[in-house]
Amino acid sequence: MTSTSESSTHSPVETAAVVAHGRIDVGDAVERVRAAADRAGVELVDEENAQLVVAVGGDGTILRTLARLLGTGVPVIGVNFGRVGFLASIAPERLEEDLARVFAGEYRTIEQPTLEARLGGKEFVAVNDVVATSSTLGRMIELGWAIAGEDLGVVSCDGMICSTPSGSTAYNLSNGGPVLVRGLDAMAITFIAPHSLDARPLVVPRGAELTVRNATPDVGAAVLADGHRTGDLEPEQALSIRLGEGRSLLATLPETTFFRRYRETFTS
Amino acid sequence: MTSTSESSTHSPVETAAVVAHGRIDVGDAVERVRAAADRAGVELVDEENAQLVVAVGGDGTILRTLARLLGTGVPVIGVNFGRVGFLASIAPERLEEDLARVFAGEYRTIEQPTLEARLGGKEFVAVNDVVATSSTLGRMIELGWAIAGEDLGVVSCDGMICSTPSGSTAYNLSNGGPVLVRGLDAMAITFIAPHSLDARPLVVPRGAELTVRNATPDVGAAVLADGHRTGDLEPEQALSIRLGEGRSLLATLPETTFFRRYRETFTS
Amino acid sequence: MTSTSESSTHSPVETAAVVAHGRIDVGDAVERVRAAADRAGVELVDEENAQLVVAVGGDGTILRTLARLLGTGVPVIGVNFGRVGFLASIAPERLEEDLARVFAGEYRTIEQPTLEARLGGKEFVAVNDVVATSSTLGRMIELGWAIAGEDLGVVSCDGMICSTPSGSTAYNLSNGGPVLVRGLDAMAITFIAPHSLDARPLVVPRGAELTVRNATPDVGAAVLADGHRTGDLEPEQALSIRLGEGRSLLATLPETTFFRRYRETFTS
Amino acid sequence: MTSTSESSTHSPVETAAVVAHGRIDVGDAVERVRAAADRAGVELVDEENAQLVVAVGGDGTILRTLARLLGTGVPVIGVNFGRVGFLASIAPERLEEDLARVFAGEYRTIEQPTLEARLGGKEFVAVNDVVATSSTLGRMIELGWAIAGEDLGVVSCDGMICSTPSGSTAYNLSNGGPVLVRGLDAMAITFIAPHSLDARPLVVPRGAELTVRNATPDVGAAVLADGHRTGDLEPEQALSIRLGEGRSLLATLPETTFFRRYRETFTS
């Protein structure tokens, strides 16, 4: 949206890496990426030394790759083998022709805010979202919360989602949170199944830290970053989350705009 | 709401039972109930032989007692030691004076629909709700669903709630489902965190059976009845739920109407 | 859903009427209906003397025809020229072949609850919904409400919708109300843009009357029945609504079930 | 939230103005403000020459005053005589003691984004929101919309709200939009009673312009800025809205933080 956050002119790619881990069966896609690189004269190297990383899998694969490469300046482009695929811009059946364009420099990069979280002395980052959720099936938890140091009370709920703009179309949206359009430097806070009727999604600017405390005497909570469990929020323990310094660097085809993705994924 | 579903004139109680199990600390409340019974000349007997059962604890305690007594015609009145207490009508600090009134016959009984469910050859009932939910933290499931035999497609979600009117103000409400006012002979179907934007709560009349199928190849789901895990919904397995023949029989103070409870619990 | 509310075996139609008023341009559809009747040996007569009425237009046309024929036992089938067309089961391009089937007796009739309302001594009915809404653009109103005589307080809002199952997929759904599946004998109450966070949709059984009072000192409200203004709710005036004795009688093609309509109209 | 947007140390006020127009009866409040000014040695002058303006009335009065003073650097503090009063920080019963503190320099000023809109050659600003809404009771409109030049399709609805953070707790919230916390430089876009199920609130960063087109052939729409009708959106006409250059300058008591206001107004 702003001149600094997106860029769409690139030199031809000279070095790339391909990544395909995770639960999803991607068939011979990695071989097809290698062949496409070969045809384009692109040398396949380690992630750290690549100009571009091709992530083959679902949104989870792309998220993990984006998180791992934070701060390196190496963009990640996704080939979608998952169910949703909001982050991926290349469909498997178009792998050869779309990668040919990308390797010729025809792609855009999008810098997006990430989250930094602290939990019991441990720090971690997330590209999409950090979630605190009851770890006992069928048991609500009570979460005390504060923003920028100001106490906002306690909410009985299944959990809470703190989401970047990138994550706003994922679990946040499923729980009634708003869509944060690309370019926004903010995070959304949305409760999961709040039992109080007055809990509403909030959008918080950079600089305001969210603190979440497990106020349930007897039920533990799990903390997930980008869908992966990173720790536990024991009774009375606190988790803090804020917009981080690092920015994720997603590459897409030039025509794959945010709104086009949104329309294709969510509207009929 | 209708003449058959509520009754508020009763003879004095001659035999009662007291129940207090569960996770909640109720202090000396059971002793206080016994003393109140003694003063009122009420004989304490087994549940099955009682005219009225006094359940001391949270909504969970009352729900389990109501379910156990389905079909016996024995009503259950609750003394609230839990967080929410929508079902209980007696506050701990008014235990003595309110029970004196109840033992004198001053209470109403409310018949409410229940759910009958079948899962892999096993049948069970629920007073409030039956929930099918992902049993893996951070993993969505895909649920195929049908009503009255008509296929309604597949929804990516965290789970689904099928709720009676009694349960409509509990987990159903937390997930955006409607309040079903007492007297309605219907069940509400509400998805938990649906990823498709077009999933909306439905209210279904008696006679229409809901079928829920776990359409996720690799993630199991848990099935909970009134908050307690009763089984698992493995990939491709189906769960069916319909309004049951049995009706729960809740007793309340005459002044504790549905709307009074609703206002006290949910509105500011 | 129940044996009495739907019927799908009919004798061939001998007399029919065709109705096409309203704002919508239906081209030569009325001529095409007449020709189809002629081919099937169906005599075109007045509405009151017809076995079946064919309503050509949008949902509004069908609603008005259903309301006019309440109590006559004459069913109404719709040919859809409107934007939404949830009630109509015949598409314009299939008019000839579908009407041939209908005139041969191949249709179902669906009895559905209606609403009876009273406003200042005037009584009226509605097939879909009764709405009380601010009549001044940009001004909220305060509505006091009660169900079955029990006061439920005052809500600042743009208005309130009371809807039958038939109307539940119309304006009620747009405002976050639940879908009431065919066969349910209930009405939904949903606020329009409530400013209090705790207003939630309610579903109310037959026998419970809703009373709505304009508690705004200085802003009038309009009352609409099936989208048409039937009167005004001046400050301190009250409107009462309950499920009515009359039932609307919609005819559809046998294959046009509720859920099929719902899927086609709302889901992607 | 950021160092530039709020300031809480001020010199004692030397010149002030008092404003009290609108529909609301404020009794002798203007006299009480004059007396308080007199006691504090504050000279009452014209708005343009004042260091601070005291607006007595409801949120509408404060909004109009904020809008009129855009670009002047003169802050506005509100004394609340209205129903909601989210913007006002002084309650009538504390007028004397709170104004004494304010005149002594004990207040904070909060700079907030505003909206700039264009409609048929006419430009206007809004402090809270710009709304396009059907001007015919009971008639939906179809709104075509685009963000940053990208077409987002057509939505059948009653209208659309474009809101600043300041306006996010007003009509936007009533229609399910998110709360934009103070300090956020963004606008929220929320549909009013959308008939399509996939319309969700969006939050858009500075620099992205929203265009709204009335795609209804036969129903006009009204355009309201801060609740006041500023023009009409005839069929096929377009309205454009973006975050404006001017920032509104609200003054509050130092302890009246955003979250305190939010809790007091909306949560139980």
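Order of writing sets the chain letters: A, B, C and D. Residues in each chain are counted from 1.
Rule of thumb we're sticking to: a residue touches a chain if its C-beta (ideal position, glycine included) is under 8 Å from a C-beta of that chain, and two chains touch if they have at least 3 such contacts.
Here the structure is a predicted model, which is why all the values come from computation and not from measurement.
> Starting from the defined contact criterion, work out which chains touch chain B and chain C both, please.
A, D
> Suppose you list every residue number at the chain A-chain D interface; are over half of them used by both chains (same) or under half (different)?
On the two sides of the chain D and chain A interface, the residue numbers are mostly the same, over half being shared.
> Which integer distance in Å separates the CA centroid of chain A from that of chain C?
45
> Quick check: how many Å separate the C-alpha centres of chain A and chain D?
Whole-Å distance between the two chain centres: 33.
> Rounded to a whole Å, what is the gap between the Cα centroids of chain A and chain B?
Chain centroid spacing, chain A to chain B, equals 38 Å.
> Multi-chain contacts in chain A: which residues touch at least two other chains?
In chain A, residues 173, 197-198, 200, 266-268 touch at least two other chains, as defined above.
> Name, in rising order, each residue of chain D that touches chain A in their complex.
Residues of chain D touching chain A: 1-2, 147-148, 150, 152-153, 173, 177-181, 183-186, 188, 196, 198, 200-205, 207-208, 257, 259-260, 263, 266-268.
> Across the complex, what residues on chain B touch chain A?
Residue list for chain B touching chain A: 23, 83-84, 131, 133, 135, 137-139, 156-158, 171, 173-176, 192-195, 197-198, 218, 222, 224, 227-229, 266-268.
> State the interface residues of chain C toward chain A in the complex, per the touch definition above.
Listed in rising order, the residues are 197-198, 200, 267-268.
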